[in-house]
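Shared between the two complexes below is chain A, which pairs with chain B and chain C, respectively.
Now for the complex of A and B:
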């Protein structure tokens, strides 16, 4: 399982404050906590507060001063992504691109050239998909464009787009269906990722819904998630799910073994 | 669309383990032996890096064996009263990469030798050969814990490979390995989960994963070999895929298992239809060895000189 820590995001009040006041300690603390919790990437997102490139650069540099965990560059602006890639000490994850041809023509070569991984969102100019078929169609477009332009399948993360359960309840099952279809694209398949917290947005049982949905997605073929990695129950559930699916070898201390193995 | 590359890419190489220490490294060996380091399945040179070919240790005892068949006795009976001479013959005449000293004389059901005698045997072997050393206990937990402190001390700094720890008995040997800078064999009863668990237990009390060699128990050809094979192969795949508690070199104790079975031991006059036992015995050992090499073994402990020669030839033919 590949965990992307979601917490360094301008949508959170403490991060907003940190950006505004250039307070390194808040960002550094979240970088450390998430890394210790087992994050494979740390997502860095400015939110709506700022649109200054300097702020984005400052955030990434602040994270890298504290930990060596690779960065997930969360921006839809090509110029920001280009600049951020140059700053990254380790091969980053670009989060993200839509499936529009003109965007792919620019961003895939950039990912290939800089040895970065790329999240492809199953949406386009026309907006978010409404059913499983549309998700699979856009996923297949992203996949074939990536392979044609030389981005190998293990560098591509397909995101079927998760919608809030509270408002679009029927979308969750079509996400699961799309994940199953993605696993058939190639052997081995590309990575499959979701932004997990969307599913439980504005509900009263966020953690429970996140946890159950993540486990169901893993069963369908998901192998990566942008989520709250500090939620220990969530992470342990994902590890146990992979164990039950025979993707990890059982031992009496399997959770411990999994976490230890991720430390380096 | 391009045709996808079918070569497997594995994210996690197997740990390298170095056995033996030269003078510069605080020991007295003329050279060291390194195993592991592979980032692909055995012998798939087109797919990944396999920096260290498998190695063979010949077995030496601290007591003259009573139950070795004539086919082995004819090579070793002139030296087996003296572990030093026996070891020298293995290295000089039969091309052993390592010597495996098995402290069979300490077996409480046998000669029940004490720790002083065991340590003396270790010293003797270290003095008479310059190859790196494996030291295997007699298999009785209690007795091994009693004799290993003296043996480990006698070989302090030599970076020997000591064996073995199990799920129920690991603390003494782990402490010794850390104190005297040795490496450890972690044994499990043909069980992929327990193999992992032993490693977790040992690393929990401070042993580095890089100091461990996995011994998942060996079965001779015809005696469960396919079961052990599948455990080893699956374990190796898990290790290459990222399971750090399986990303370790693997050891096979070949000779001990093969020379127990009737197909290797029985004389031609006893079972005429099985043919010449002087061919059959070593062949049984060599075939068993090649199977374990294909399953992922990095170190083989063997007995018959002809089987060793054949297995070496096989390794060379595949490593090129």
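Now for the complex of A and C:
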């Protein structure tokens, strides 16, 4: 399982405050906590508060002063992504591109030449997908463009686009179906990722819904998630799911064994 | 989701004691607790302690004195099953038959004429299945025999046979694959059931493994389980899973709504 820590995001008030006041301690604290919890990447997102490249640079540099966990560059601006890639000490994850041809023509070569991984969102200019078929069609476009332009399949992360259960309940089944289809694209298939927390947006059982949906997605073929890596029950559920799928050899203390095996 | 309460089973020490001493209070207590927790059927199993028909009759009558929840007749002896069916106030679940032709020739007509449901185990004289293909082959045999002999598909429960993760780790994936295949047998498909607790046998994380495996199975197409219905986290996980699959309309208090809707 590839865990991307979601917490360094300007959508959270403490991160907003940190950016405004250039308070390194808040960013640094979340960088450490998420790394200790087992994050493979730390997502860095400015949110709507700022659109200054300097702020983004400051955030990434602050994270890298504290931990060596790779960065997930969360921006839709190509100029920001280009700058961020140059700052990254380790091979980053670009989060993200849509499936629009003109975007892919720019961003895939950038990922290839900088040895970065790339999240491809199954959406385009026409908006979010309404069913599994559209997700699969856009996923196939992302996959074929990536392969054609020289991005290895293990550097591509397909995101089927998760919608809030509260408002678009029937979309969850489409996401699961799309994940199953993505696993058939190639052998081994590309990585499959979701932004987990969206599923439980504005519900009263956020952790429960996140946890159950993550397990269902892993059963369907998912192998990566942008999520709250500090939610221990969530992480333990994912570990147990992978144990059941025979991706880790059973031992009585399999959770501890998994965590030990991933210490950096 | 169809929940079969597993607790009135001579494998548990308190039930052994109850049978030996003809202590109705212990059996009655578990009948009530499991019914209140939402069991659709109460499994009644003598375990290895006794092989007396009188004891089995006593157990079933004791349960029915306290609750009106239908009985899951858990015995592999045809004579016990025949007797138990006559005692049952409500249409019971016969637990179970193997896929052997001579057994099916006897037990399916019995289920048909008594309007009972029937669990068909995906195993035969040769033993337990070793892979998904064997499970699917035996499931198809059970399904076609049932249909041919007049048992409606909604009275048939296919059990792909769950093995302990600790000793046969690779079998869990075969169970999931078999469940997916069973959903393709007909539309609507037969019910699909597992004896859940077997998966976590002799592990140190029984509840966690049970919970995660149940969610994975439901994602794959399972709609019934013999399990610890008094494990609230387990039941809530299954409810959440069915919500995500759009089998219940979302509301902020969806767990409460589900439980209310099932009160007898």
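The rule is simple: the second predicted complex is superposed on the first by the 264 of 264 C-alpha atoms of A that agree within 3 Å, B and C clash if a C-alpha of one lies under 4 Å from a C-alpha of the other, contacts with A are read in each partner's own complex, and residues count from 1 in each chain.
In the analysis below, contacts are C-beta pairs under 8 Å (C-beta built on N, C-alpha and C of every residue); 3 or more make two chains touch, one makes a residue touch a chain.
These numbers come from a predicted model, not from an experiment.
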Partner chain(s) touched by A:203 [first = chain B, second = chain C, both, neither]: second
First (chain B), second (chain C), both or neither touched by A:256: first
Touching partner for A:184 - first (chain B), second (chain C), both, neither: neither
A:147 touches, of chain B and chain C: first, second, both or neither? first
Contacts of A:165 with chain B and chain C, given as first, second, both or neither: second
More chain A residues in contact - chain B or chain C: C
Residues of chain A contacting chain B in one complex and chain C in the other: 249-250, 252-253
In the complex, chain A residues that touch chain B: 144, 147-148, 152-154, 186, 248-253, 256-257, 260-261, 264
Touching residues on chain C, where the partner in the complex is chain A: 165-166, 169-170, 172-173, 176, 199, 203-205, 208-209, 211-213, 215-216, 218-220, 236-237, 240-241, 243-246, 249-250, 252-255
In the complex, chain B residues that touch chain A: 1-2, 4-5, 9, 192-194, 196-197, 200, 203-204, 234-235, 238, 242-246
